[in-house]
Structures are given as C-alpha cells and as structure tokens.
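You will see two complexes here that share subunit A, one where it goes with subunit B and one where it goes with subunit C.
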Partner chain A sequence: MFQRFRHITALAAAIAAVQLLTAATGKEFFLTQLTMAGYYTLVIIGLCLLMGYAGQISLGHAGFFAIGGYTSAVLTTVDLSAWKAAPAISLLAKSGILTGRADLYGGQILTVHPWAAFLCALCITIVVAFLIGVPVLKLKGHYLAMATLGFGTIIYSVVLATSRFGAADGISSVPAFPLLPGLAVTGGSSQRVANYYFAWLLVTVGMLLLINLIHSRVGRALRSIHGAEDAAGAMGVDAARYKLNTFILSAVYAAVAGVFLTHYNGGIGPSEASIMKSVRYVAIVAVGGMGSLWGTLIMSAVLNFLSLRGYFGTFDDAVFGSILIAVMLFSPEGVLKLDIRSLVGRWIRTDRKAGA
Partner chain B sequence: MFLELFFQYLVAGLTYGTIYAVVGIGFNIIYNTTGIINFAQGEFVMLGGMTAVSLHAFLPLPLAIAGAVLVTMAVGGLIEMLFIRWLVKPSVLRMIIITIGVSILIREGALHLWGEGIRSLPYFTGNEVSAIEIGGVRVSPQVLWALGVAAIVVLLLNVFFHYTMLGREMRACASNRDAAALCGIPTRNMVTLSFVVSAGIGALAGCVVSPITQTQYGIGAGLAIKGFTVAILGGLGNSMAAVGAGFILGILESFSIWVMPTAYKDAISITILLAMLFARPSGLFGNSEAARLKEF
Partner chain C sequence: MTLLEARSISKRFGGLQAVKDVSFSVAQGSIKAVIGPNGAGKTTLFNLLSGFIAPDSGEVLLRGMPVQDLPSHAIATRGLSRTFQHIRLFGGMSALENVMVGRHVRSRAGFMAGMLNLAWTRAEERDIRDRALDSMEFLGIGQLAHANASSLSYGQQRAVELARSLTSEPEILLLDEPAAGLNMRETADLAVLITKIRDRGITVLIVEHDMSLVMNISDEVVVLSYGEKIADNKPLAVQKDPQVVRVYLGEDEC
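So, the complex of A and B:
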C-alpha cells in the first residue's frame, strides 16, 4: 500500500529533478522533447495496461491517438463565423462552447472552444473504441493483432484521404489550450517549464489511476484473464466486459495524449496515425516488460526522448525494430528483468542439447 | 462502353488479385508448418522486386529475376534461422512481435540501400503501351505474364506438396509436428524450408508485377494486410482457396474505384478483413467446425 505512494513520490521527485537539472546545465530546450515524451508515455502506460495486464495486443493505438488529436485540431480550427446567424450556432456561441479568436492573419474567426473540443474528442474515442472493441476483442492471437492493425490502417488511410484533415499535410495552426488563467498548453518557450510539469502531471495522475486499478479487484480479474481466459470465466470473471473496459480506458489515455500533444505542437500530421507509431508503442511496452507499468514508464521516457532529440538519426524506425526483436528474443519479460546469468545458462544448455 | 469499362476493371482486379493471392499463399505455407503468421511476408515481395531491379542493371532480365528470387529465399531462410529456429515454444504474441520487428528491419534496410525512389522492372514483353486485344478489351501482356506465372506457381506448389518426398514431409510436419519428428522428419529444417519457399514465391510475384504496380521500399506492409485478408477469406492454411479469395479481393477493390475515391481502396479490403474475422473466421471456403479446433 505505502510502496505504491513511495513510487509515485519518487516519480514526482524525478520529474522535478530532471527540470532542475536542465535549468542548472542550461539545457532548458530539452524540456520540449521531454514534454512530448511525457504525452507519448501517457499513451504507452495505457497500452501497457491492455497488453501487460489484460494480455490483449493492440497494433492500432496510434489510431486512437489520432482520433483525439484530429478531432481537437479540426474543431478548434474550423471557422464557423459564416454560420453565425444560424440559431444553433449562435446558441453555442453564447453558451461559450464556441469562441471567437483571431487567426494567423488577424481575421476574426469563430471556432469550438478547446475544452469543448477535448470533451468531444473523448466522447468520439469512447464510442469508436466501444464499436471496435466489441467485435475485435472476441478474437485472439494473430487475428486480434491483424484486426487492430487493420483498424489503425483504416484511420491512417482515412486521414490521408480526407481534405478536411489536411490529407498528407495534416492540420496546423491549432490554438493553445487554456488550462488556467496564465497557463496554456502551447509550444511557446515562455510556457515551456509549466508545460513540462503539466504533461508529466498528467502522466503521474494517469499512473496513479492505473496502479490503483491493477491493485484492485479489477486488476486481479485482468491478470486472471491474461493467465487463462476460460478459467477466469469459470471463476465468474466477465472476461468480455473487463477486456472491453480496459480497451476503452487505454484508448482514452491515447486520445487525451493526442489532444494535448496536438495543442502543444500546434498541429498534427498523418504520421501520428501511422502503423509505425502503433508498433513503436507496442515496442516500448515490450521493452519495459509486458506487465510492468514502472518499467514501461522509464523505458518510454528514455526512448521517446532519445528518438525525439534525433539521436537515432535516420535509423529511428530501425532502432525500434531492433529493440523489439532483441527484447522478444532474449528477454520477453522486459529489459529491466533481464537475467544475464540464466540467459547464458540457457544458451549453454541448448548447445549441449544440440550437441548430444 | 459500359461493358468495356467493366472488363477493364475486371482485368485490373485480376492483376492485383494475383499478387494478393501469392502473398496469401506465402502466409499459408508458413502458417501450415509453424502456426506463425509471418508479418514480414509483404517485405519478401518488395525485396524480390527491388533486388531484381538492381540486378537488371548488369544482368539480362531472366537472370536478374532468378537472382532476386534466390537472394530473397536466402533472406527468408536466414530470418528463420536467426530469429525463430531456436525459440522454445514461443507464445503467439512473441512471434507476432518478432516478425513485425523483422519486417521493420527489412523495410528500413531497403530504405537505406535503395532510397525512397520508386523503381520498376521493364515490361517482360513489349512496353507500357503495348496491348493485346481480347474481345474488345485491351490487356497488357504483363497482366498475362502475372496470371501465367501465378498459375504455374500454384501448379508447381501442388505438385511439390503432393508428389515429392520433401513436400510430403512438409505436409506431415504441418498436420502433426510431433508425429512427423517421430517418423524421422527433421521438423526444424522443414520450418526453415517453409520460410525459404514462401520467400521465393513472394519474390517471384514481386518481380512479375513490378512493371505494372512499381516497387518501393514501403509497399510490404500494405501487401501483408491484403495477403492476410486473402488468407483469411480463403480459410487460413488453405493455399488453393487463397487463389480464389485473391481474385475476389482484387476485383472488389478494383470495382470500388467505380463508386468511391481511390484513396479509400485500402480501407475496403481491411473492412472486408474485419467483417470476415468477426463473421466467419474460418474463411469463405473453410470448415467452421475445424476452425474452432485450431489454436489462434
């Protein structure tokens, strides 16, 4: 019980320490990538719950990220001022759901308020995750992997084919997301530190929720489903319902991250919906150790930061591919649980067997 | 006019259907011997096409294609030996992730080796504009090449699996691995062989359609999904049914252009895949009773 809070406290301390370290060494610009890494981490811990605890693979999580990001981006950039006279629009404008602002060229435009767009994005994500989840989660193994991959591909090709979503260019000039007076999610350097803390606050809260969940009745049920679904069913665990709820929850994590990262970057492009992004999320969950939220969190922060800073150069995707293979070959339990001695022992044993 | 257009779409559908069918057969060969869905299947097609284009710079076309097929077969065998052979009873999730990782590595390797450019082999006979008239429909000779090669591949595979010792050993390995091992069949080598064969026919397909569909480093992922759709449509593990399913998918896709923007073409096949997975995972021609017994 207390260990849980010790971990969370350690996380908070680490977040603050990293910020102080960048300030002390004059590398504040690292915070931009660290903030983005924070949002990606939010997607990845959500996926970790689904993969590591409920045992369901999803190769389409970039799709949910994109649904969140694109919904928010479209709603906060589409100009409704032409329909100002329409009763429905004026009612929405009066209630504060629509908000007027100046666009890039100084013209006055009427768009959906970011908070309303955020709620909209969440609702759409939940509905889509529900509609996809009900049939998809009946599948297992290869079929589940392919079905979720298919879902991700559909989102990607729809985004790429629709001019409303900016096709290959994506959507830019997404406005800042006002949180509190004086605090907004935006890429401006004056708000850099605050945004860093906000992103990682989201991660911390998300983590706290997940940890509480996996230590509850629900968490035990999920692990029993992972272990043996039929046995779990025999014990009275409603496997279908638990899997669906977990799927929707992890989709919501991805969508929340998508919304905020879109506002932080001021735009979103189709690459966020690509299969490679989904595979990358799966890779990081695998590296962190399928059933280890903390391992996943650490690996996600490190790998995303390195990748976003461009340390992998043109080998970015290749690095994630290699990591994926290496982890699955040598240490399916994750890098942090890598047991060198038993690994070497296993090599020797299999060699002997082959020799005999 | 309407009828002409109809046949033109039909021919286009058949051409794409051929390549989907061959990728689907590749899935089935590996699935049968190992129970693995090889997510890198589409990469074999890309690798075959790309290698052939490179070899064609200094070799005549038939030799370049033969070389490309051999290189891809070697790659297929190497993948199995490096990443799959020595795993002891790996879980399905682990295998999925490993083959996805392999597909990424091949794709990135191709990107660094050949760049982002789109390449293609020359037409085997004639050129882009030459066409044969069949009952008022203009058909590129390359389409006939593709159909012919696919037919020969299917025929040869049938002969191989039914009338050669090696093919029979592979089938034995597919239907019961332990029993096959007890009969003295080296099951591990059979698995390697299945990767080699599957890579080889993928590469051949990649060469034959390269003049029509072009080859680029990233075409593999899309083809893998199409091929898997076909394998599921026909019933997983059933190579002959995959041919029929390939044509069905190719034709459906081709006619979808008639009513929908081209950009949504990919979404069509995936929608079919999803619908199929939910409604009838045993495939159009499969036995649902038998499918229920399989481990997915």
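So, the complex of A and C:
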C-alpha cells in the first residue's frame, strides 16, 4: 500500500528531474521525444497487464493505437460545413460537439470537437476490442499470437488502402487538443514543457490504476488464471470474462495514447499501425521482465527515447527484433510466464521425442 | 434435504464409457464417499459434478437446480467447491494469495473498483485476507502464509488447496483423494478435520482409497466399478455387499 505510493512518488520525481535536467543542460528539444516516449509507454504498460498478468499475448496492439489515432484524426479534420444546414449537423454544432476553426488556407471549416472525437475513439476501441477479443481469446499461445497478428494486419491494410485515412500519407493538420484554457496537446514549442508533463501525467495515472488493479481481487484472479486456469475456474473465476476485460482495458490504454500522440504530432501515418510497432511493444514488455510493470515502464522510456532520437539509425526495427530474440533465448525468468514460450518448449520436447 | 443430486449421468471418452448411468444424492450436512478401483471413473464423476466436463446425458442438480450445462466457475458461484487429485495451486503466488483466491466467489470488487482502490474495496480486501488467514489457521498452516506455494511439501500443498476451498465457504466440498501422499498420522488428522468441516455446516463428498478413513467418517458410501454404480449405502452395509467384495478382491474369487 505505502510502497505503491512511494514508487509513484519516485516516478513523479524522476519525471520532474528529467525535465529540469533538460532545462539545465539546454537540451529542451529532447522533451519532444520524451513526450512521444511517454505516449508509447502508456500503450506498453497496458500491454504489460495483458501479457504479464493475464498471460495473453497481443501482436495487434498497434492496431488499437491506430484506431484511437485515426478516429480522432479523421473526426477532427473532416470538414462538415457543407452540411451546416442539415438539422442534425446544426444541432451538433450548437451543442459544441462540432466546432468551427480556420483551416490551413484561411477558410472556415466545421469539424468534430477533439473531446467528442476522443470519446468516439474510445467507444470504437471498446467495441472493436470486444468483437475481436471474444473469439480470439479462446485461443492460446502461438494461436493467439497469430490471430492478434491477423487483426493488426487487417487494421494496417485498411488504413493503407483507404483514401479517407490518407492511404500511405496518413492524415496531417490534426488540430491541437484543448485540455485547459491555455493548455493544449500540440507540438508547438511554446507548449513543449507542459506537453511533456501532460504525457507523463497520463503515464503516472495509468500506472497507478494498473498497480491498484494488480493488487486487487481482479489482479489476484488474473494471476490465478495465469497459474492454473482450471483451478481458477473451480474457485469461481470466469477466466474468459477476465481475459476479455483485460484485453479491452489494454486496448483502451493504446487508444488513449494513439489519440493524444496524434494531436501532439499533428497527424498520424500508417506506420503507427504496422506490425513492427506491435512487435516492438511486445519486445519491450518482454525485456522489461514480463509481468513487471515498473521494469516495463523503465525499459519503455529508455528504448523509445533512444529509438525516437535515432540512436539505432537504420537498424531501428532490427534492434527491437533482436531484443525479442535475445529475451526469448536468454532470459527465461522474465519470459517463462509467457504461454508461448512454454508451448514452444513443449513443442521442441515433443519433436525430440518424436525424433528419438 | 438433498443438496446435490446426479440423475443418470453418463460420460464416454472415445470408446471408453468412463461414467455410465450413475445416479445418487448427497444429503445436506452429510459426509458421503465415492470409492472404487483405479480407473473406475471417480475423478470423471467429480469433473461432471463440478462443471469441468459436461455429461453426455443425465442431469446434475444443485439445490434442485440443473447445473450440468453450466461452466465450472458458475457452479462454484452456486456454492460448490472442489480440490484436485493432482494438486492445482497457482504457481508464482504465495500460499496466502492462493487461499485468498478462494474468496473470489464471495467478494465483488471488479476492474473499476480495483483500479480506483476505493474505501470499500480496501475493506473488502482486508476481509478477504483475514478470512484466508483464518482458514489457514484452522488447518494448522498459518505459518506458511507467506511461503511461495510451489515451494511447499506435498502435504502442505494439499492443506493449502483445502484452505483455498474452505475460504469460499462452500455449501458442498468435493475432495478428490485428499489423503493421497499422507502418512498414517496425517491421515488420521485429516479424518478429524473433515468431520470438523462437516460440523461447520459444509456438506462433504469425498473420493478416497484409504478405507479406514472412508469407513470411519462417511455417512454413506457410493461404490463405482467400470463407471457404473454398484452400491450406495451405509459404510457397514457396503463392506458386506457381495458385489463390492467381489470388485475389491478380484473377479477370480467367484
């Protein structure tokens, strides 16, 4: 209980220390990548709950990030002023759900307010996660990995093939996301420090909620499913429901990150939905010690920052691929809990037996 | 009053009729035993009663309600708890946490309550912990609370499993060979424990090979052989039943 708050306080202190350090050393431009790393970290701690505690893998989480980001991007950029006369549109405009603003060329456009778009994005994410989760979470181990990979592939192909989503170019000129008067999620350098703090505030709150969760009745139920699913059932734990809820929760984390990072960057492209992104998220959870929210958070902050600063150069994706292989090979401690590993292990053993 | 009832339940695995047309009932507040040679279908019967597998035909009634089509977690919620012949503890969790999971059916904090850690959630969590510790004390394993469940000895693991079930305060407790792997003294202690559990108002259905244990504590005994029920009576009557004697002493006797 108290330890929980000590850790959260330490996180808050570290966040502030990093910002002060960048200010003191004149490296404030680092804050841009640190902010982005914060949003990716939000995705990754949600995935950590799913993988480390519920024992389910998802190779499609970039898909949920993209659903959040693209929903918000489309709704806040599509111009509805041509339909202004339609009663439904004018009602929405009056209620504040639609909002007028100047576009790049000085014209006046009518789009969905970012907050309304955000709520839409969450609803769509929950519905999609539910529809995907119900059939897919019946699968185990590498079957689940492949099914979620399939989901990720579908989302990627859809955004790449749809002109409404900007196809290969993605969507740009996404407006700022107003939070408070004078504070908005936007890439402008005047708001750089505030945005850094906002992103990491989300991470801190997200982290606190997850830590509370894993120390609760639900967290215990999740670990019991992970430990012995049939025995958990005998104790009254509805494993299917718990897995589904966890899947939806982690999808929501990804979507929230997707929405805000899209507004921060002023746009989103198909690479955010790519399989490599999903693999990267899984790799970071694995290297963070599978089932360790704090380990995952630290690895995520560091690796994402290095990657975004371009330290890995053209090997960027290869670095994360290698990390994944290395963890699978050399760090059974962290990875043992993962079902795929034990399945692969069993598979190898039966192969040997068959060969003998 | 009948608490649990099986009505002509059958289960076939491929060519093997593991349970065939078995009917019996368990009276509330009693201890009933299921005995039979290896492979007689005792564990399969337990799996059918607890919702782990669905019967091919027949009904299972818990307090008169048909439950044969319900999944195991739903049956657990209705007050049936079980232990396993092959111990099934949650690895990577402490003994206490294992036992706390037993309280799942009698607590309610969900995802939202858990994430927000509300005052009532914390109170509920304390209550779960206290009751789990009580169960462990009751079984004399209070000192193991913080040990890692998978590091415990066989007998200790059995006790943790039993504590886990007890913490749910079930109406009926199904024990699958609880004395397996215990020495004579531990078995005698277990007999005392089971009667104590019954005295708490929990009905007990037990599968056991240890005849002295079964005959001492049971009110009634069901005998299975090759999936079929061949006797269902008081312990003394069962011991004298010629068919039961034949099954236990071997066919070549007659």
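Definition applied: the second predicted complex is superposed on the first by the 331 of 356 C-alpha atoms of A that agree within 3 Å, B and C clash if a C-alpha of one lies under 4 Å from a C-alpha of the other, contacts with A are read in each partner's own complex, and residues count from 1 in each chain.
FYI, contacts are C-beta pairs under 8 Å (C-beta built on N, C-alpha and C of every residue); 3 or more make two chains touch, one makes a residue touch a chain.
None of these values were measured; they are calculated from a predicted model.
Trainee: Based on the superposed arrangement, let me know which partner A:182 touches: subunit B (first), subunit C (second), both, or neither?
Mentor: Neither partner.
Trainee: Is A:313 in contact with subunit B, with subunit C, with both, or with neither (first, second, both, neither)?
Mentor: Neither: A:313 stays clear of subunit B and subunit C.
Trainee: Looking at A:26, would you say it contacts subunit B, subunit C, both, or neither? Reply first, second, both or neither.
Mentor: After superposing on A, A:26 lies clear of both subunit B and subunit C.
Trainee: Regarding the shared-chain residue A:213, is it in contact with subunit B (first), subunit C (second), both, or neither?
Mentor: second
Trainee: Would you sort A:150 into first (subunit B), second (subunit C), both or neither based on which partner it touches?
Mentor: first
Trainee: On the superposed three-chain arrangement, identify whether subunit B or subunit C touches more subunit A residues.
Mentor: Higher number of touched subunit A residues: B.
Trainee: Have a look at where A:234 lands relative to subunit B and subunit C in the superposition and call it first, second, both or neither.
Mentor: Only subunit C; A:234 stays clear of subunit B.
Trainee: Classify the contacts of A:245 with the two partner chains as first (subunit B alone), second (subunit C alone), both, or neither.
Mentor: second
Trainee: On subunit A, what residues does subunit B touch that subunit C touches as well?
Mentor: Touching subunit B and subunit C on subunit A: no residues.
Trainee: What does subunit A use to touch subunit C in their complex?
Mentor: Against subunit C, subunit A makes touches at 209-210, 212-213, 215-221, 223-224, 226-228, 230-239, 245, 249, 337.
Trainee: Give the list of subunit B residues in touch with subunit A in this complex.
Mentor: Touch residues, subunit B against subunit A: 37, 83, 86-88, 91-94, 96-98, 100-105, 107-109, 112, 221-222, 225, 228, 232, 261, 263-264, 266-267, 270-271, 273-274, 277-278, 281, 295-296.
Trainee: Considering the complex alone, what residue numbers of subunit A touch subunit B?
Mentor: Going by the criterion above, the answer is residues 55, 57, 59, 135-136, 138-143, 145-147, 149-151, 153-154, 157-158, 160-161, 275-276, 279, 282-283, 286, 314-315, 317-318, 320-322, 324-325, 328-329, 332, 350.
Trainee: Can you name the residues of subunit C that touch subunit A in the complex?
Mentor: 50-52, 71-74, 76-77, 81-82, 84, 88-93, 97-98, 100-102, 104-105, 107-111, 113-117, 121, 124-125, 128, 164-165, 168
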